[in-house]
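Letters A, B, C, D, E and F mark the chains in the order given here, with residues in each chain numbered from 1 onward.
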Amino acid sequence: MPELGKYAVWVLSAYGVSLALIVAIVLQTVLRARRVRERLDKAEARRGNG
Amino acid sequence: MLLRVHDLSCARGGVPVLERLSFELSPGDVLVLRGPNGSGKTTLLRTIAGLQPPIAGRIEAEDGAVAYGAHADGLKATLSVAENLRFWAGVYGTGGIDAALAAFDLVQLQDRQAQNLSAGQKRRLGLARLLVTGRPVWALDEPTVSLDVASVGLFADAVRAHVAGGGAALIATHIDLGLESRVLDVSAHRAVAPVDALDEAFL
Amino acid sequence: MIRLFSRDLTLAVRAGGGFGLGLAFFLIVTVLVPFGVGADTAQLGRIAPGILWVGALLACLLSLDRIFQLDFEDGSLDLLATAPVPLEGVVMMKALAHWVTTGLPLTLAAPVLGLLLNLAPAGYGWLVLSLALGTPALSMIGAFGAALTVGLKRGGLLLSLLVLPLYVPTLIFGAEAVSRGASGQAATTPLILMAAITLGTLALLPFAAAAALRINLR
Amino acid sequence: MKRMSLWEYANPKKFMATTNVVLPWISVLAAICLVVGLVWGFFFTPDDFRQGSTVKIIYLHVPSALMAINAWLMMLVASLIWLVRRHHVSALAARAAAPVGITFTLIALFTGAVWGQPMWGTWWAWDPRLTSFLILFLFYLGYVALWEAVENPDTAADLTSVLCIVGSVFALLSRYAVNFWNQGLHQGATLSMDKEENIADIFWYPLLVAIAGFVLLFVALVLMRTRTEIRARRLHALQMRERMG
Amino acid sequence: MLLRVHDLSCARGGVPVLERLSFELSPGDVLVLRGPNGSGKTTLLRTIAGLQPPIAGRIEAEDGAVAYGAHADGLKATLSVAENLRFWAGVYGTGGIDAALAAFDLVQLQDRQAQNLSAGQKRRLGLARLLVTGRPVWALDEPTVSLDVASVGLFADAVRAHVAGGGAALIATHIDLGLESRVLDVSAHRAVAPVDALDEAFL
Amino acid sequence: MIRLFSRDLTLAVRAGGGFGLGLAFFLIVTVLVPFGVGADTAQLGRIAPGILWVGALLACLLSLDRIFQLDFEDGSLDLLATAPVPLEGVVMMKALAHWVTTGLPLTLAAPVLGLLLNLAPAGYGWLVLSLALGTPALSMIGAFGAALTVGLKRGGLLLSLLVLPLYVPTLIFGAEAVSRGASGQAATTPLILMAAITLGTLALLPFAAAAALRINLR
């Protein structure tokens, strides 16, 4: 851990929040991709049967 | 006796429109209101539904006996057909909506948003609402507007089933519904002189 | 009744993101003020409580005319008035739905906007508390105003005109509570007064609003 | 053989096939660059003699601000392609980029504010760059809200394209406002290639890697989201067909 | 030839509704569109009026030949009957409104605000607008909704006079108008497969 | 074309006093702020230019959704789109009518409200001038936003969200001009910039708005 001095709170919170936001958007992207894909597969299956 | 109207006069926008109307509806009755445009059919139905007070006469009906169907359908554009109907079923505290959907051939459309219906499909949904009110007296204002012949038939069937089950219906319309019914021509009751009760203070 | 509430919520969410938008408007109003007033931070901090409350009030105000107007136009209100639910209950439910879609998110988001306006740290708690106590009154008063003006085309502005005077006491006590809190003084008196207003409106206005609706439907 | 035109990729099938191959590579590369850039920046760079350790914020702030603006510009290009050539994929790509842009904008706003407090003594200042950047943020919100509010996908694509064109004014302003009027608190251009002396190499190289990481992250996310949007449209089309019976 | 529709396909809300429609309207023609609710009559009329693009096929008509009458009347509630009509006469740059008022029996009502009209009276006012457009082709969507028998007669007279003067009319309706006309049943043209141009890329 | 303009004016006047209400809203906003902020006169005078401009802006904003929404709902917009008038012209006329019913009365009444907020005497001329130059842009931008959101139920708040960012530059320059004027400095630069914005919007946005309308009617 580097010595951050009196600005530790600022720097750490900047990194913390930014990483949290990046993780959030990545997660949202992946989850929605998965959900839509499942629904599409179901619709394709229905179409294949019908 | 489900509804008794006695010597009723009513006004629209401050102008007396109809006067001295009397009629009765017993279980099984269908009464068709006729009259040219502007003769006061809508006014009469609104009065009977309790939305505006009569200027004279009496309306006798049990509390909550009348289900009103207006020119406008009261549909929410962003709700689906089933959601619209389920809402009204909830408000009236009645049960399922399946019978109503089936009666107006809406089962196919039940997940469609109301805004994506054609004019006639919207109207059918508006009429299906009557079935979930569970009320004995239907007061309907030109229910068959925009309906095709087949749908008018569905409507007539619904009315027949309703009155056969002990209900009654009061229907304002310009077309022939193919129902056995009595007819009341409101143009015979056109208000002639301003009824005093209204503006009497200024006359 | 609960049906009505959940329908209104669904409608608010479906119709272009109910929650998000009320909030966004609050955000924008609070952001506009520094643009207009200039960026002197000390001065901003001093006027922050007032501006935040005015912003919340305007954000509520903007969505008021939708409380009954849409239902009136498509005929649902006629049908609701003839349905077996008391009109007073309808009014309550509609006001509640309005609060949940505007007042509640505003309350939760207010601290962030306090940051933008440089509110003193001691004020945040009071800000949230005062909004939580005051916004229900805003919704209820708004429902009353909306009931009075329903059916008047372009009732929107008339509505604002009728409602704003009734909003003034809530605004005064709310802003007072926050600015006292921010400067470290005791802020309980204005808060109690405000809570009293809220209770009073909730107890009385549903009846007045229902009466107004009945007249307007005639 | 005829040279393959770039527009081939506007065909969803072609797009799906190609991205299916490249997406994993880009994602991995993005992760590597991001981790290397940020770890290098955070752990292995010295403090600035004036700014102390706050200089480490630069590895987040500059890349995210850069990409926040570039994302809007990319949306602008995609919208124009949609309006002129009616390629569905480009409209969907614009839609896919907006939430990513919002995230970067939020990061830039937050890190900027957190950096401003120790540096300028205030969280926020109403200088031209910051102001137009905030307006850009509001435009992002409006853009997403408009996409959500319109039900017909093509109508939504058209309307949001119009909005995107109008909003580009602010994207450009938040980049170039410093050049027009020089009154703000905010840094001027420090990164232009010929002014490298503005910033010491020791900060410069990790910053470059971090920027590359953000660019790649953006590309990877947008590709992935575009794939999702294409699938959603396909789902929509299938449901429509089912509805027709 | 006033209007030529050639191999037209049209869609509503992204779903193809009608396909391969072809017909022509010459001066003097009345063509009645029939089809059950939701079959696509409104969609077809909107396409012909130029409000939405066709997904295939051609519509040949002179610029500004078509006057469209929709389900909704476009009346301003706070303007009087005469003011409403005069506005449209101004927009279309045609002259007086007296003939139009007379044709739909609105002379008595001309100073009444539109919001104080009954449903049928509003509709008559909506139809009177057609007369002040001065356009040769009328494309009308269920024009007789809410009209009483006498008013339907007025409407039929107006259409007869219009086509006798070299115009043509395309009318979607569920009732019998008492007009001599050709009939086009759109249900024969229901779109079967999704027309590719729309979502082809995604299928 | 002129018909359309005069019809819109008539409608605004008939439907519950168009002019009066826009104005009244402006009045109320300016009155609320002292309640919220407190009555320290020196401070009020300093924030007056900003508050007046924010008030004017909100008053414009409130009536925006009526520009096309009513015509859309009752079907007139369909009919207008098929009538022999260019849609760009329709947009211009509607924006003009909006300005005449809101921007113009606001401009004329602003000095009186300046008094209420304790604006420095030197500022009055600049206030009126800046409003006269700036409010047309507000109406035109508003018409663009209204065209984008017409037909979306509850488009009102979405409309605000879309329009407010575009209002910001006008607001900044307007408030800047007034506060410079009030403190006796030269205020021509912001005024010229604002006039440039107004001209730009008037030249470009009618086309964007007409395009949006065509899309929405489809």
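Rule of thumb we're sticking to: contacts are C-beta pairs under 8 Å (C-beta built on N, C-alpha and C of every residue); 3 or more make two chains touch, one makes a residue touch a chain.
These figures come from a predicted structure and were not determined experimentally.
Peer 1: Where the contacts of chain A and chain C overlap, which chains show up?
Peer 2: The common neighbours are D.
Peer 1: Determine which of the two chain pairs, D-F or A-D, is joined by the larger number of C-beta pairs in contact.
Peer 2: A-D
Peer 1: Taking the mean of the CA coordinates per chain, how far is chain B from chain F in Å?
Peer 2: 45
Peer 1: So the centre of each chain is just the mean of its C-alpha atoms; given that, what is the distance between chain C and chain F in Å?
Peer 2: Whole-Å distance between the two chain centres: 24.
Peer 1: Measure off the straight-line distance from the CA centroid of chain E to the CA centroid of chain F, and report it in whole Å.
Peer 2: Computed value for the inter-centroid distance: 37 Å.
Peer 1: So how far apart, in whole Å, are chain A and chain E when each is placed at the average of its C-alpha atoms?
Peer 2: Distance between chain centres: 52 Å.
Peer 1: Give me the residues of chain D that touch two or more other chains.
Peer 2: Each of 131, 138, 141, 145, 149, 151-152, 234, 238, 241, 243 in chain D touches at least two other chains.
Peer 1: Listing for chain A: what residues touch at least two other chains?
Peer 2: none
Peer 1: Note the residues in chain E that touch 2 or more other chains, in rising order.
Peer 2: 13, 71, 77-78, in rising order.
Peer 1: Would you tell me which residues of chain E are touching chain D in their complex?
Peer 2: Within the complex, chain E contacts chain D at residues 13-16, 191-192, 194, 198-199, 201-203.
Peer 1: Could you please specify the touching residues of chain E with respect to chain F in the complex?
Peer 2: Residue list for chain E touching chain F: 49-53, 64, 66-68, 70-79, 83, 87-88, 90-93, 129, 133.
Peer 1: List the residues on chain D that touch chain C in their complex, please.
Peer 2: 122-126, 131, 134, 138, 141, 145, 148-149
Peer 1: Over in the complex, which chain F residues touch chain E? Could you list them?
Peer 2: Residues of chain F touching chain E: 2-4, 7, 10-11, 14-15, 71, 73-85, 217-218.
Peer 1: Within their complex, state which residues of chain D touch chain F.
Peer 2: Contacts found on chain D: 131, 135, 138-139, 141-142, 145-146, 149-150, 152, 155, 158-159, 162-163, 165-167, 170.
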